[in-house]
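First comes the structure, then the notes that go with it.
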Amino acid sequence: MDFTLPQYDPFRMLPEIFMLLWALWVFTYDLITKRQKEAAVGYMALIGPAVPLLFIVFYLTGLLPESWRYGGSGFGAMFFNDTTAMFFKIVFLGAAIMAIGSSFGITKQKIVNHRGEFYGLLLFSTLGMMFLASSNELLTLYIGLELTTIPLFVLAAFFKDDKLSVEAGVKYFVIGAFSSALLLYGMSFLYGLSGTTGLVQMKMNMAVVFLSYRDIGVILLGGIVLLVAGVGFKLALPPFHQWAPDVYEGSPTPIAAFLSVGSKAAGLVAFGKIFVNGLMAFFGPEQAPNDWGMLVGLLAILAMVIGNVVAIRQTNIKRMLAYSSIAQAGYIMIGMVVLNEHGMASVAYYIFAYMFANMGAFAAVAIFEDQTGSCQIEDYKGLAKTSPVFAVSLSLFLLSLVGIPPLAGFLAKYKVFAAAISMATVDPSASWLYWLVGVGVLTAVFSLFYYANVMRLMFFSNEEPRHKITYSVPALCVLLLGLAGIVVFGIYAEPILKLVRTIPADFGLYIP
Amino acid sequence: MLFYLSLAAVLFAVGLFGVLTRRNTIGILMSLELMFNAANINFVAFNKYVWADGLIGQMFAVFIVVVAAAEAVVGLAIVLLLYRNWQGIDTDHVSVMKW
Amino acid sequence: MILSSLVFVPLLGMIIVMCLPKDKFNAIRWTSLLVSLIPMFASFWLTWDYFFNYSGSAAFAYVVGPYNWIPSLNIQYYMGVDGISIPMLFLTGLLSTLSLLASFGINNRVKEYFAFFLLLEAGMMGVFVALDFFLFYVFWEVMLVPMYFLIGVWGGPRKEYAAIKFFLYTLFGSIFMLVAILIMYFTSEPHSLNMVTLLDHGPMMSHTLQMVCFIFFFIAFAIKVPVWPFHTWLPDAHVEAPTAVSVILAGVLLKMGTYAMLRINWPMFPQALRELSFWIAVLGVIAIIYGALVSMAQKDLKKLVAYSSVSHMGYCMMALAAVSSVSAIAGCMFQMVSHGLITGALFVLVGVLYDRAHTREIAAFGGLGAKVPVYTGIMVLFSMAALGLPGMSGFVSEFMIFVGAFGALNKVLVGISVLGVVLGATYMLRMVQNVFLGEFNMARWGGLTDINLREIISVAPLAVLTVVIGVYPKPLTQLMTATLEHLVSLMAR
Amino acid sequence: MTEFSFLIPLLPLFSFVMIIFFLRWKEMLSAVFSIVMILAAWVMSIIVLIETIARHGDNYEAFYKFVDLPNFVLEIGVLIDPLTAIMLVVVTTVGACVEIYSVGYMHNDPRFSRFFAYLSLFLFSMLGLVVANNFFMIFIFWELVGLTSYLLIGFWFEKKSAADACKKAFITTRMGDLGFLVGLFIIGIYFGTFNYLRVFDIAGSGMIPAGILTAAAIFVFCGAVGKSAQWPLHVWLPDAMEGPTPVSALIHAATMVAAGVYLVARSMPLFVTSGDASMVVAIIGLITSFIAASIGLVQNDIKRVLAYSTVSQLGYMIMALGLYGYDHFHGQHSPGFYAGTFHLYTHAFFKGLLFLGAGSVIHAVHTNDIQEMGGLGRKMKKTALTFMIASLSIAGIFPLSGFWSKDEIVAAASHHPVFFIGTLTIAFMTAFYMWRLCFLTFFGEPRDQHRYDHAHESPNNMTYPLIFLAVLSVCAGWVGVPYLSHGFASFVFHDEAYHPHPNYLLWAVSTIVGGGGIILAYLMYYKKSISADAMANRFKRIYKLLYNKWYFDEIYQKILIDPVMSIASFMWKFDANVIDGAVNGTGWLTIKWSDIKEWFDTWIVDGAVNGTGWIVRQGANILRFLQTGSMQFYALFIAALVVLFGIYRFETSMMEGDEPIFTIGFIIAVVLLAVAAKLLQGRPQTDRQAESEE
């Protein structure tokens, strides 16, 4: 048996390598400064995602010399830097930056002794996501996924003496490990059927195998269902969503934010890679029972309905945002089941816009929690009077989540629905997508109800509010970053849209 | 091969059952390991009997073992926290947050 | 260029107002008033210039763009006006300024109020000039947010309910519009969101999809109008909103629905329109009669005016259903303008009374005519205008609508709708009688003061315009004849 | 001067604007200004009339386009023909008299200036209505007349009855306008124009189907029914007496109510194309005339008697016009058109005089009730004398003006037996109730000494108009005597000039009938040789019916107003509850749904979890100590759903059979488990407690 070392392309992995080293450096920095530096660790940690982010942005804008050969495949095609990878890395790194920025409050007050670990684990988790984004086959994908999740288990339970936090950690851990077991079991079926873990290869093999041996369908079916469950956990897609509200509520707010954006984006990448890429052949009603499209569509409907409906009755803003993020996952999945030149592009733009809005909203929640210790929606009453900037920016984030133009959230929803309709108008067999769109638009209206509730409390009350918000610099920066994101990319979205336009091609959905 | 696949399925089912019914968190952890191992067996069996021209399945299994170990470490640490906070490791404790 | 300024000057003004210190009330008020004067005079100038230079043809004038805004989605920045948007711009410019003037009494959170108001104005202007679907939708939605806050923060006792109801209702409608826009986009070849090309090409989709799109658009716009049975947000919103916002709601927002029908819904789906026009007329007639009857039963002055809006917009719907008749469509335009003027003024006047009496209950008043003669005179003038008295704009529009609809629609239906004229007289006169005539309660209302100069200034232009249009409507017809003929020819495809 | 005839309506408008905006604070100046303006209009009207006569009645027309859309033109313009010219003179004459009279009548009123402003506005509307050259414009002024009558009737709005009356007047006439409006639509649609002359050309050309013509004519007539207070819309006019008396005079004599008759006369070319429509007009006129006259017999309010008299006389005119249309349609000659318009012209003067006289009386005694008057003739000689001249005139006594016009109406009805008898009966009743009024007011002993003592003759500016009008009441009719070859009939006519011939038999009959009425009144109320009370008792039912005005108000209240109001409040309730309820219901449902989800979480979810434990305990004793927490339920949920999807997918595609039995079975099993577990929920806890106790 030949055993040759695959090609070794360190350039492809430069940002990841930097992240790894920097994460370790953050650990050590905290140690060597004897855990005395309050904010310095945080600023230090910010460099971790910021440098790779700039690197990738420079590469994409052509500012990086061609000789750096960042894009393309490496490590025996196991590691692949295409637009998808780079775009999602931007999302992950952006989410990490915003999460770190909004963590300054809790690192100052609550986790006095473990700042380095906190930031380091966050960076490790981001690193996992970056690997995930670049992975081109199941093994890397799995490793990336685990590298993402395991630090998050720890982070969720980071308030060691806070029962809620520990409970969140336990729940997240058990359900996470459980779902990754399901995922693995499903993957083993895929491997068994196709004999490969390479996703592109699998796409071809599967079709061939399936044509010759129809009776393997049961295994395939089991594999698909298990994989949907495994990745659905990451996405908090109903019915695999129940951990999300509990975990969001219990864990530190920046971590909840990071979970809701980073982890979700990671799940999206994984989902896209496994299904859109690897299992593309099994899509569409005529592929039943192995069709994953309708199944995911059904889950999307469930997500939109359950998320938006249950959110209405929440009294804790973090739980509310958790349900809202469940619903948002539903909207994203609409784009996921559109296998044409619009589908994955809309998913990518959606998660990008969602990152700013949701991270911003959580950042606002974190600011509020740092100052008052409360996450109850009731306590936001009358805030517009004392803290107009806070109230306006939180409102804008929420409005972006509803999808009110000209904020980025609107364009995101627009793109998702547009994708579904573009397919439905062309392909008669895809007319079920109209139903997805129908449920989507209707639940979007429902969603206004609970988002507006927060605005109502902040603005409409004429009572004197109990709290007044003061901002730390990093937290304010995160707020402004989020605001800038939803406003700028709502109005001037062209560069991002241009970028995401090539993403469907990465999944082999069309040839540019 | 069918034997191995069945073994894996049984293992998986036992693990699943354990996860669902154990009150002891450590027990759950162990059941999770069973489920991971079911996947391992599958990978290796497929590699051996169906796709013999490569080692991907076995490699995969190795990685799973590693990751499972890491997961177990983190899991045990969290269980420790559970114990610290409640002086017990029953899953009953962790149902404060609901609806 | 000037069209962009209509939108961006208020936006700029909003930013300026936000930068002003919070407690400088007068600075904020006067700044926003001065800012709003710019789009107002711009819209006046536009009307003037359009009348003399462009009104002969149906082509869009003062076109801005199309510039590529988001090229990967074929979204353009494209603005232009024609004979149906010019009167609406005029109305918007005028009413915005007057409502700002009428808002000087706001003492609570002044800065936010005026900032939201200017944002609202920008959105309204944008709707009437946008020629790109996406742009149109953006402006359409942008208005909702300030409106939500304006009702919710500065409204009456049930403001929160009214605000969320308004928001939900209109969002519900516009989300249908979004779907329809997307369907239009993907069925057109090449994919386009440009209203002008879509208008020229006509629908390029199957009959079913045409019906679906038509109904979706119709629901979106009908909620705004509001057409019975989508009208229930209106009384709540109107009643709870502060005076100036009610003026804007009645004067401009409701018109957006009919304007959009005339701009988008009607000419783009002529076939579906013809199949459904009878039912649209039925809805219109129901709204006329129903709105009038419900008005009659009202005890609250503002609610009465609010329901009268339902009735009056019913005339518009009936006119719009008479697709083949230029005079009916022109009557609809007239009705839009005159309802904006009249109901706007009525809301201002109700607000004036409420500011002094702190109640709007009709039964609480009586015989005010002797105590506040000037106020009474103005109120009676507008009541008469509202009930369609000749010499006022309302009459011209109703007459044109009826004559046009009578020729184009089912005669029995129109005959029933004519009853609305009597019912309209009944509820308006009942109101006048109970508030201004009869015995005067000296003990309770002895301290009532008459309308002051600022308030007179804020309704005087409306009164003048109501009478001028009523006496000499010809310029207004000339303004839009060419456009309307073009539209009718499009609808006849 | 005819070219400037458009100024005639504008002069009063000018005075209205001036008074409202500038002169309001100078009372006398306002009055003088408006009087000067109406006098100027009067002079102009007379010149226009002379010029029209000089032109031998040729039309003069001028207009501008008000709305100019393709296929849709609305005009504003002036049409001067003999009918217009006569009406202008009538309106301005009566208007001028009323305004001069009002200076005295309204002095000391707090809204003195405004009264003149309203009067001016009213005259503007009426004059505009008269000069209009098309149906659209006449409708505009028609409505404006309605508005100003609203303002004038409700002038003393502090009185509730006045406020009610003005509303009633406006709304009732608007009901008629509704029909008029529909008539206009028909004209607009089928004739394509509103211009009188063109409409009449088209109507006469035979291009329009007869049904349409009939419909158009009847709907147009609806307007006249409302404004001229014809049955069944006559109810507003008597109530309108709540306004100041000069207003009543103006409204009843020359303007608002005359507008209806004027409209019918003006549209006569339309009516003559439809015999049916004309017959309807005639019948309505007769019914109105009869009902009103009969009610007038027993009323005690001086102004109400006059009001019913007006309604009755208007019915007379309408009937004459209708009969003319009918006869003309059937190719017969008839004096109806001439009679109707002529009576409109003479009636304006003597009815104006009657009202002003009544006003003078009321001014003196401060009551409207004739039962409280009596003997006033001794104190108010001028008033009494002029009033009696007018009464003679309305009773149709030779040679006063009423005689000549009324006689022509009788002549017009003479070919139709029913109408002939009707007209005579009505003439008799008219004479009777007018003289009943005279006798009760001016003769006999004062029945209320206190009021009598304070009574006095009115000032000169009130009596001069009386005298002026009295002269006209006597002489105005002479322009129409049959002996003249170029009299009224040869000037105002339709189709071809009509030359009346003296018909002595009819003259005799009508004089006898009129005289009979007067004599009966004389016997009953002056001589008292026939007891009025006895008569009332004898015909008690009829008396009550008449006294209560045939119960029209009550009937309308019951069958129209009450139902509409209850529908309105029902609609409001409907709106508030049902439609809104549906919307709120959706919101409510959403929240309930959320609640159900909560409930589901509480009961089913926990139940399933517990149930699993329970099943396990029951099934296999080994696992009895296992009790899942909610975290594990999440895992269970995932697992269950995975299985569910798997089964379903597998079943629907790979197995035969249409129904997903296994899936359903699976779901049912889970639900049953959940329910069972919930039912047995207490068990495990007690078990555990029991264990620990042991």
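A, B, C and D label the chains in the order they appear, each numbered from 1.
As a convention for this text, a contact is a pair of C-beta atoms (placed from the backbone, for glycine too) under 8 Å apart; a residue touches a chain by one contact, two chains touch by 3 or more.
Note that the structure is a prediction, hence the values are computed from the model and not measured.
Chemist: Per-chain C-alpha centres versus the global one: which chain is nearest?
Modeler: Taking the mean of C-alpha atoms per chain, the most central one is C.
Chemist: Could you grab the centroid distance between subunit C and subunit D? Build each centroid from C-alpha atoms only and quote it in angstrom.
Modeler: Roughly 31 Å separates the two chain centres.
Chemist: Taking the mean of the CA coordinates per chain, how far is subunit A from subunit B in Å?
Modeler: Here subunit A and subunit B have centroids separated by 25 Å.
Chemist: From the mean C-alpha coordinate of subunit B to that of subunit C, what's the distance rounded to whole Å?
Modeler: Going by mean C-alpha positions, subunit B sits 65 Å from subunit C.
Chemist: Just curious, how far off is subunit D from subunit B if you go by their C-alpha centres, in Å?
Modeler: One centre to the other, that is 89 Å.
Chemist: Find every residue in subunit A that makes contact with two or more other chains and list them.
Modeler: Expected reply: 170-171, 174, 178, 182, 449.
Chemist: If you look at subunit D, which of its residues touch at least two other chains?
Modeler: 587, 598, 631-632, 635 - these are the residues of subunit D that touch more than one other chain.
Chemist: Please set out, as single numbers or ranges, the residues of subunit C touching at least two other chains.
Modeler: Subunit C, residues with two or more chain partners: 168.
Chemist: Going by the touch definition at the top, which pairs of chains touch each other?
Modeler: A-B, A-C, A-D, B-D, C-D
Chemist: With touch defined as at the start, can you tell me which subunit D residues reach subunit A in the complex?
Modeler: 587, 590-591, 593-595, 597-598, 631-635, 637-638, 641-642, 645-646, 649-650, 652-654
Chemist: In their complex, what parts of subunit C are in touch with subunit A?
Modeler: Of all residues in subunit C, those touching subunit A are 69-73, 108-109, 112, 134, 137-138, 141-142, 144-145, 148-149, 152-153, 159-160, 163-164, 167-168, 171-172, 175-176, 178-179, 182-183, 185-187, 205, 209.
Chemist: Under the touch definition given earlier, write down the residues of subunit A that touch subunit B in their complex.
Modeler: Residues in contact with subunit B: 138-139, 142-143, 146, 150, 153-154, 157, 160-161, 163-164, 166-171, 173-174, 177-178, 180-182, 184-185, 187-189, 191-192, 195-197, 245-246, 249-250.
Chemist: For the complex, give me every residue of subunit D touching subunit B.
Modeler: Result: residues 598, 601-602, 612-613, 616, 623, 625-632, 635-636, 639 of subunit D touch subunit B.
Chemist: So in the complex, the part of subunit D that touches subunit C is made up of which residues?
Modeler: Checking each residue of subunit D against subunit C gives 65-72, 74, 110, 136, 139-144, 147, 150, 154, 157-158, 160, 162-164, 166-167, 170-171, 174-175, 177-178, 181-182, 184-186, 188-189, 564-565, 567-569, 571-572, 575, 579-580, 583, 587.
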